[in-house]
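Each of the two complexes below includes chain A, the first together with chain B, the second together with chain C.
Up next, the complex of A and B:
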């Protein structure tokens, strides 16, 4: 009871007022990235991993996140070696400004790819899943317009920070219902659809954890600030939620959904109507946020206003093209084609940076 | 450059007559007299000076020294001869005219290169009365009136300290209006104060009609639907903002004080929250927040659930809605829009007609029109409850501008619900929140200390105990954040 009434932030902390404000903005940025990671990975976990491997999603998910985590570790090492606050700065310090530009370009393209994937899912959900009286073109236009309206440089991260507790509450509600519907037998067979499928899927899904690399772009914490947990809460939440999904549905049922909309709706099949509505609304909200964050972050990475506007135009153009590509297999095929290679350029760049960073560290020592 | 006043009285009189348009402005009065054996003249605006004061403090003393030679420099002699507290000497016509139109009497003497302004202002004004729009059960019952001096006095009566600074300034180029920028010296943030001064200096318009107009000239985001300042007519509420390190602006002719910077949550707080014990204050605040949520979302939620997500409603309720809806010729969205517009119409009509008639009008319109519309099968009975509850919610909001913003937002959410059901509402909520989080009031984040996080007291959504609220708002001077050092209740229960 005493804690409830206490003044929330100690004013006498060692941090200066400016540092406190910076830390507050960092919290918002971190919340934004955590949500981005959670929604993108959850979406891929449900629509690809769970739909193709069933119960094996419980251990395939951490496995598929491993490459991303390893890359984040390497990025953190590079940052430490170069003493740079962000990975882009580390590229500038350890290699060359051109390398920093390449890195920013890679991140911007990957963000746009992820944004397009989210857009596809929203359009697919509304035109084929929760069928509403709207054409794919209309849906794409409305979705992108909404995301663009949310693209506020400071507003969007703060909005995610503000929404964290309502979203967590909603997830907790859904988790309890999923768990109450579940059965231990549903977690078997642990191998899901078989080793061959799992192996092929692992190679396809190595990029599942690519948003983890974005955490390396967060500025380093100042002296006296608490060590933050980075992406850990989002990863744990993801594993818990996917575990609950696997626990609530038998593998045989999971493997029946072949269409994207079916795969997206499958975990909600046995929820009560109110919770299903809640889950769907949360899902749409999450995807909209992913699209908005992708647009905002990729625009922020662009070097100048013209490039920024060109990027947004590109995103809009693709959104408008989307309905013309609207043969689900064709469209998903296009997006899936890029999926195994999303992490590769980033990994190559970071591996190039590593020796440079080591050299810089050695040069700095004397 | 301002035109200086010359030593020749005839020239000054001629110049002043022209500046004051005395040939047509008959209330600009000129009275010739003798002072220290010289010709002199008194100017004043009829109705803005007290006739009794003029006689007692200007004309009678002038008569006493009419033919007495001046024993010291003329301006000193004139000033010493007048038994008035506020006397000033001006040397140019601009300052002279400014003093005159502000209600002072001006004395010009042959051979004196300037004029003496005597403050004998007295004009009709409303007395201090109960605030009209911010009623409370507990707490003081006096409100600001339209006189700047009275309003400053009301605040000075609360703060018996020279730390309360009142900077007098004016806005408006053709017809300047007097303003007072008030703040607590140690508590105010220097950044906020500098911003206010810069913005007031940057206002360039002929006349600022009201404090609402001033608000529009000062706010950060003029296209936003939400107000970024608080307007209050209660001195105790203005005082609480001053204690939090915010800046209060009083304007001549305005019975409200303008407070900047503020956050959205400040607009849900009332002075009663602090006057009451913390459980009651918290309870009232929760009620108010519920009211706000109901105002904004309830009509949209009703339409979304009935039209798009009927499965989420209990079967009995859904059946009842569909059965009664069968007799109504209009669709639910049209009905809801119609009802909300009707409510706003009744509200506006009730505000514009005189007091008692306004109340009766609201009751009669609400009861008779609602009853008649249901009986004529024009609207669904449940919809009356939905609209009535959401309207009650808007009345629970303590800030009139905020209430208007919520009523407009209600229509937007209804539109979103009609187009996309709960998903449409969620998307609009996201856009609204993202834009809200990006809003600022005088450069300070509008949703702080929630997003982004800032040092804060347990006095946001709930009003927890007063003795735990040791900090000022995050908007205060960071060097003086503490309102109390150590325990506030520094005693032991015996």
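Up next, the complex of A and C:
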């Protein structure tokens, strides 16, 4: 199995071999972040936007991603101004090491919030929608245990990289069936459930694109390398998939998905049995990978060696599991309550960094 | 890495996990529902697993659909599963009652329900109908129904609406539901202008499929169509491409080349262009006959406020920012609609 990642391309020197290995690792990291962005945004798009405003999901999704994209743009600008390879380094260079610590803390908390949301969705999907005779805590424990087993430092991004074509193939199958079931009038009314609902939803969902800022942590491309498309493929795929979902169901039916499990299952209900099974397994797999990525990345933000990192990961997994001992509905309410504010601390930190980065650039000029 | 991949592949199987193996579940193939003022009667047909090609009929009653279904579950030999359902049969009395839309929503929401099951109407007792429904060829009932229903839809004798279609139409279209009935005595007198059961005197089998009932904008049954009208409806729905059509004056097989049903303010126009393989009469005569019958059909649809042709879908594009007309307003609009039909029959190449 190790042979999978052996360098097959002829190399001139050990230096170029190292560069190729670093580039391969970077590809895997980027694939991991793209999957993370796609699954989290798709999940919120289906369970919140589509379930509450129907056809308006087609234009509400890019609108709700805009704050995240704007922050990513600002983060990229800060990186360029400070000349730092990652955003954390930019904080260190442009402001203060303490600001870098604050940024890492913010990212870790946001990752854990997203991980808890993914865990709750898996539990809800199984206990309220698919099987119904499993206890929520038992399901949460199984999910966390599986996610922890996936939390290898290099294995997880490599696995996502390997799975990219099967996942894309599956999404293509689902897309074609959704489109073949569709009618153009299902994209109407363009305002969905109405302007008042859309306004309230936009304010609630500004954090939909928060995983976009994670791309700012990827090291900048080296000189002479191909231009990096960053999150663009994931964003386009997300828009296409949500568009297909909106194209396949009328708004009045979409608005009937009041419960989380109903809203998650609604786009799958009308698929053929084979595609429904594919969609369900893909959905569970995606949420599980999101949980694993959340755990691993938040653990990696704490300073330490791999063993210590694994222990932190385990502790975080247990911490995520504990709220499920409590009332599931109340947990969901709390997660939803925090949703509108997830992006705010990150935005504040990046806006503070911007003047610092400009000053740094001015100082570097002579 | 190997461990990780195995774990992830194991996760793929999570989606397919079910609480019980297949042998421990009762797979209903047909579901019959009759609702009246005295309550709801539910009947199912399922294999008896004895190898004698016979099927088990279970029925139960209750004040509501939920209660009747719970009673049915209680008398079922194992846990009920609707994942293999082929037919949902409603009595016409049920389809004409105010609870019908809610009943359809409740049936669609049953866990594991196969929404591709065809929805049909009947005038007869649903439990008697299910008892009489047995495969007439040496195949199992599910396969028999699949083949028979597909053939009926292709011949235009059933419109082929499923539970899934009914749910996904929302308020934008009305379904036309196929009909089934117990075989009646006597020989047919009126050809295709009559209901299907009257044609069945010499047929094999005790249950006959054909014709359709029109569901109005209010979600209730308003009218029924004869076999010929059902054929024309399936032609306009684009579900039959090669349709055998017969009148006293002309008979031909129509191969549809182009089809459009266009709504514009106050008028609906159906245009059909096709090749006709004439077996009796002249093409010009056939065109006139077909145009007349299409006009009459569209008038009947509008009178029953049955938007089976999806005219409201077209109307929605005139106001893309809102749902526009209410159900009552659209019903009024349908009653006022003028109808036009243009048929062009091309000579055989």
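In this text, the second predicted complex is superposed on the first by the 323 of 366 C-alpha atoms of A that agree within 3 Å, B and C clash if a C-alpha of one lies under 4 Å from a C-alpha of the other, contacts with A are read in each partner's own complex, and residues count from 1 in each chain.
FYI, a contact is a pair of C-beta atoms (placed from the backbone, for glycine too) under 8 Å apart; a residue touches a chain by one contact, two chains touch by 3 or more.
The structure displayed is predicted, hence computed values, not measured ones.
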First, second, both or neither for A:281, with chain B first and chain C second: both
Which of chain B and chain C A:156 touches, first, second, both or neither: both
Which of chain B and chain C A:146 touches, first, second, both or neither: both
Chain B versus chain C as contact partner of A:21, first or second or both or neither: first
First (chain B), second (chain C), both or neither touched by A:181: second
Partner chain in contact with A:253 - chain B first, chain C second, else both or neither: second
First (chain B), second (chain C), both or neither touched by A:337: neither
Chain B versus chain C as contact partner of A:196, first or second or both or neither: neither
Chain C-contacting residues of chain A that also contact chain B: 4, 130, 132, 146, 149-150, 152, 155-156, 158-159, 162-163, 273, 277, 280-281, 284-285, 288-289
Interfacial residue positions of chain A with respect to chain C in the complex: 1-2, 4, 130-133, 146, 149-150, 152, 155-156, 158-159, 162-163, 181, 183-185, 188-191, 248-253, 269-270, 272-273, 277, 280-281, 283-285, 288-289
List of chain B residues in touch with chain A within their complex: 309, 311-312, 420-423, 426-427, 430-431, 433-439, 445, 447, 449-458, 464-465, 468-471, 478, 481-482
Contact set on chain C toward chain A in their complex: 1-5, 7-8, 10-19, 83, 111, 114-116, 164, 167-172, 310, 313-314, 316-317, 319-323
Chain A - residues contacting chain B, complex: 4-11, 17, 20-21, 24-25, 27-28, 126, 130, 132, 142, 146, 149-156, 158-159, 161-163, 273-274, 277, 280-281, 284-285, 288-289, 292
